[in-house]
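Below is one structure, written out as structure tokens; the observations come after it.
In this document, chain identifiers A, B, C and D correspond to the written order of the chains, with residue numbering beginning at 1 in each.
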Amino acid sequence: MQSYIIIISILILALPLLNFLVLGLADSRFSHKTAGTIGTFGLSIVAILSYITAFNYFFDFGKIDGVYQKFTQSVEWLRFSDTLHIDLGILLDPISVMMLVVISTVSLMVHIYSLGYMKGERGFQRYYAFLSLFTFSMLGLVVATNIFQMYIFWELVGVSSFLLIGFYYTKPSAVKAAKKAFIVTRFADLGFLIGILILSYFTNTFDFGALTDPNGSIIGNPASATFMGFSVLSWATLLIFMGGAGKSAMLPLHIWLPDAMEGPTPVSALIHAATMVVAGVYLVARLFPLYFFVTPDVLTVVAYIGAATSLFAAVVACTQTDIKRVLAFSTISQIAYMMVALGVSGFGGHDGLGYMSSMFHLFTHAFFKALLFLGAGAVIHAVHSNEMGDMGGLRKYLPITHITFLIACLSIAGIPPFSGFFSKDEILVAAFHHDKILFACQYLVAGLTAFYMFRLYFGIFWGKETHYHHTPHEGGVAMSAPLIFLGLLTLVTGFVPFHDLITTNGVSFAAHIDWAIAIPSILVGVAGIAVATVMYKKPSDIPNKVATAFNGFYVATKNKFYFDEIYLFVTKKIIFNCISTPIAWFDRHIVDGFMDFQAFWSNMLSSNIRYLQSGRVQQYVWVFTASAIVIAALVIF
Amino acid sequence: MNFLYLFVIIPLLMMGGVVLLKSDRAIKIFMLIGSGVLLAASLILLPLFFEARALDPEAAMVMRSDIMWYEALNIKLSLGIDGISVLMIILSAVIVFTGSFVSWAMTEQVKEYFLWFLLLSIGVFGFFITVDLFSMFMFYEIALIPMYLLIGLWGTGRKEYSAMKLTLMLMGGSAFLLLGILGIYFSAGINSMNILEIAQVHIPVEAQNLFFPLTFLGFGVLGALFPFHTWSPDGHASAPTAVSMLHAGVLMKLGGYGCFRVAIYLMPEGAETYTTLFLVLTGISVIYGAFGAVVQKDLKYINAYSSVSHCGLVLFAILMLNQTAMNGAILQMLSHGLMTALFFALIGSIYGRTHTRMITEMGGLMKIMPFLSVCWVIAGLASLGLPGLSGFVSEMTIFVGSFQHDDLFHRVLTIVACASIVITAVYILRVVGKILLGPVQDKHHEALTDAVWYEKIAAVTLIIGIAFIGLLPFLPSEIINDSLTAVISKL
Amino acid sequence: MIPIEYYFVISTLMLFIGVYGFITRPNMLAMLMSLELILNAVNINFAVFNRYLYADQLEGMFFSLFSIGIAAAETAVAIAIIINVFRHEKKIETNEVKNLKY
Amino acid sequence: MEITANQIIFFILSAIIVVCSVFAVTERKILRAATHLLFVLLATAGLYFLLNYHFLAAVQISVYVGGILILFVFSIFLTSQVGSEMPAVKLSRKIAGLVVSISGAALCLFVLLTQNYPGAQEISEGEIDMTEIGQALMGVDEFQYLLPFEAISVLLLACIIAAILVARKK
């Protein structure tokens, strides 16, 4: 039975790769239709296979003696030493199977949606090839059996993200955004890599199984060495978290994500909302036992960085006017939510509520955020603009989009019975039991989330009606169907019994909604919505008044607290002008100048020596006479 | 007769053929066929090597044969290979092959050009197949001299200056090297130039401490060791395409290979004494080369600085003196050889069309020449270490290997060297963003054509090599590991 | 009666004036003239030594005689060369005639 | 010590020699330099007369003045514009020349003047017999110079041929 499911998993990985190779090599030899069909068809098979896997795993044989098992199958790919080798393999456990479902579902939706959204675009085939590459890499990432395999696919998703953000490569802003995304995440990956190196040095393994076994030797007696006052393993896990923070756009490495919205909107839905950006969360979840048992201090750091990020992003989201950027900041905020949940989690049974809720939120968020992005895509498709100012009153023209968008907004605002309510509630419960400050912060963020989401919603679908050049219309079946499907998912996923399926130790526990926390959280959500309704449902000047009242804060927020400028300063001024340019100058003038100087003085010396043999008789005579005189004088005196 | 002789005889015969042929076209076709034969021979060598290895699993080198050259000093032309040399020979053959293809566009003094080109490849092949210090040195010099003429006559820009600089600096390096070799020869005291025989005896530690730095520096100059790397940007920038390819792709590897085969293998204690110093230098090379590449505007300069960085990593890993890191170093040589050759081939192709190498004067080439651009992106991704391409494998092997060193200093240095992957990403993406993506910069460029057959063959061959190492790293890695034991056992 | 030293003073002065001229003159012919001065100084010395120290012999005088002959020969050849150079170069300034130098 | 006529003549000649030598090497008009040289050569001949080497003096006048100097003058006419001046000598070179010549002269004079010349005799009056000279020149015994004479004849011949060859137009 095990081998059967492994083979299915291999197929899940192989199909997108095959798609990528076929579509990539054929490129424009395929018509748009063929390419789209091949891509979508391949992905639907992948999705079906993932569902089979998930069903089999969760309900058939995954549970042995009440504990969900880890199934691993791998082959050695590159051998470093006897203990260290990169394996390529497949690891099936609750979170990876859950991720398979999320990725393949969202990816399939995006594939279908793109048939309509990207219709007639130049490079349509390339687009599908890249989508397949991304899907392959992301799937490979989640089923990684060891941390190095994860790193490999981690890089691959980074590159696919780069390629897809820069899809409109003739647009300078897209190129810039792609570069930024890649370099920022690359910088974070450096931390990841160093973390891996440190971890592997002290534990002598890359394998997740060995690293995360709560009864294993690594957690049992961790390396006691310290570096600069912290245990080396803390350094390792912190640096690994840095990699995760980069991918998941945690403060202060978040700056690439808003810019990444330059990519096609379906890509934003797939990569920058539902899947790739949660890789950081997934990474921490994957190594959770290590974090929890060996380096709890780092876990606290994770929680606080998460909390800071979620608050920051929620505040910034309130002032953005580009609808995709609002969603981007909302994504950052929600992912940070998941990080907080991991940070406050314990291990085993009900203590592991944070872990469970984090995964739960990841699951529900993937669907409703993809839905939001695809809805935003439909809006953009209809009005050809990203700016909220160009929209308004669209509910009449885009009914399907309107309804599904509303569902998603209610979900993210935490209104029952939509999925977001359930997962967010669990997170708040976990935070409440762990740390009151974090709880307060997250509670505030919940209210802000409701506010900015409904600001967005009203700004797009209500408000004053702009004059449109042509009547906006829905994008056809290919675009509506995914919206509806994801809308349905948003309605139902909240009822998935996650506490039965995904827990820290594989054992189910009983969880119930803690109304003492749920009711205030619903209230704060409703309050946020109410404020947004007052301010934005009808055109009014309250927003301007508020903005003027908090002018300095508003401007800072609107400029995303100047993070981009700081980075730009650091990269342009410090790295480029203060390091690279001097180095280049130093190389050309000092190092090379030194070499040239040697050549110069050799040349000088030799031409001076040659000067003695100048061929000037008079000089010879002079030297001859002078020497004769000197010698004679020496002889005489 | 030893199969290895073929690698000197085939180019020699080809030189004869080139001399006899009249028309340029015939010479070029002849070169393509000849280099194809060389490539085939290098691939045939692989099974032959395995066979010989199976017969004699203990020996450090197989397929040995000696010819006495100079009785009085016991100088022999000793041939012998191990897995590492085989891989290097294949690398050289691939690059000579692709180099011949990209030279198709050559129009001036074709016959002379190919004669020197072949002489250069004789030097390269000869270096990899011999195990005799004297012959190695001789082939090393044979490989250096043609560079002067190839750059000085067929180059672009400040070619005389660059050719002079390159030759003089490398010659300076080989002066150190000669001292080192003589030192090894005399302090070993067995009247033999054969590396294998010298490896059997223990060179006194004082002598090692004296001659290791000389030998290492001698080879290090060729391996672009900071601060002796400055010939590289100028030399590469001026050299004609195929020469840049061969030079960066293979000749710079002679440095790393020599450090490994001569300096470390014969003088392990000396190596240990000096690792700290040279590690710092190579560490500087790695970071410094990468930073240097960030601000350059000329494509060839960018690639030359990136070569400094990558070749620095080779020497860096060799100095870590452990099996994994050395394995990574050899992989990095292969990987960098293929990658940089691809880069130079593409730069040549782009330059041949746009007549500029300044990244500020180009833009949007992706739309105009998609094939070349995609190849460029692949080369760039390989260079910044994308998994699935060769750069990742070699860099990771180096980093993991280096980090296994028990000394904290070495590990900290490794972390510093790791930082180069970010900087590499910066300069690669900068170039990709500037020249390939974005709007078309120069309206005249819109009429340009994409790659033609010979460029396609060259690029595809190199990409296959890059992908092969990237996807199946365990194949070369096993061959290397197997051959490393001889060196490791001496440490 | 003239002391022998007087002659030496004269010949020495003449010799070194000649040397000075040979070193400083910018013209080949002028250099040649300085050379004649040097030769003359030497001749005087030969004659003086002969006359004052070995009056019964004639070697000094003969050496002067031969020296004069050789000087004549040398001058003839030198001037021939100079004229030839002039024909090619149109100048006889020592600093400017360089074609044969490198 | 009374001053004899010989001494007066000697001083006059020496004055001519020194002054004209200096002019001969410093005069910037080359023809004038040649003229100064003429006076030097003539004065030298005068010194030979004082030494009673009449034959030598005659040779000096006929070969030097009559031959060499005429050669100079002609070649000057051939190579220089009349009245043209040689370029001024650089100061550094002048100084170099002066240093060498003055120090050389000082050294030589020091040596010559501190030396004792024990055998220095009074100059015997009367000229040397021409027969004696002729025999010495043509004889092959001791203190006879046929061989150098012939050698110089050959040399002169060679020089004539060489001069013709060199100066000849192609």
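In the analysis below, a residue touches a chain if its C-beta (ideal position, glycine included) is under 8 Å from a C-beta of that chain, and two chains touch if they have at least 3 such contacts.
All of these numbers come straight from a predicted model, not from anything done at the bench.
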I need the common contact partners of chain B and chain C, sorted by label.
A
More contacts between chains, A-D or A-B
A-B
Distance from chain B to chain A - Cα centre to Cα centre, in angstrom:
37
How many angstrom lie between the CA centroids of chain A and chain D, rounded to a whole number?
103
Approximately how many whole Å separate the CA-defined centres of chain A and chain C?
97
Counting only Cα atoms for the centres, state how far chain B is from chain D in Å.
75
Hunt down the residues of chain D that sit against at least two other chains at once, touch-wise.
93, 96-97, 100, 104
What parts of chain C, by residue number, touch at least two of the other chains?
19, 23-25
Among all residues of chain B, which ones touch two or more of the remaining chains?
none
For the complex, which residues does chain C have touching chain A?
19, 22-25, 31, 94-95, 98, 100-102
Counting only contacts in the complex, chain D reaches chain C at residues 4, 6-7, 10, 14, 17-18, 21-22, 24-26, 30, 33-34, 37, 40-41, 44, 47-48, 50-53, 55-56, 59-60, 63-64, 67-68, 71-72, 75-76, 78-80, 86-87, 89, 93-94, 96-98, 100-102, 104-105, 108-109, 112-113, 117, 119-124, 128, 132-133, 136-137, 143, 145, 148-149, 152, 155-156, 158-160, 162-164, 166-167, 169
Residues of chain A touching chain B in their complex?
76-81, 84, 86, 148, 151-153, 155-156, 159, 162, 166, 169-172, 175-176, 178-179, 182-183, 186-187, 189-190, 193-194, 197-198, 200-201, 575-576, 579-581, 583-584, 587, 591-592, 594-596, 599
Flag every residue of chain C that touches chain D in the complex, lowest number first.
1-2, 4-10, 12-21, 23-27, 29-30, 32-34, 36-37, 40, 43-44, 47-48, 51-55, 57-59, 61-62, 64-66, 68-77, 79-84, 86-87, 92-93
Interfacial residue positions of chain B with respect to chain A in the complex:
165, 168-169, 226-231, 233-234, 288, 291-292, 294-296, 323-324, 327, 364, 366-367, 381, 384-388, 392-393, 396-397, 399-401, 403-404, 411, 414-415, 418-419, 421-422, 425-426, 429-430, 433, 436-439, 473-474, 477-478, 481
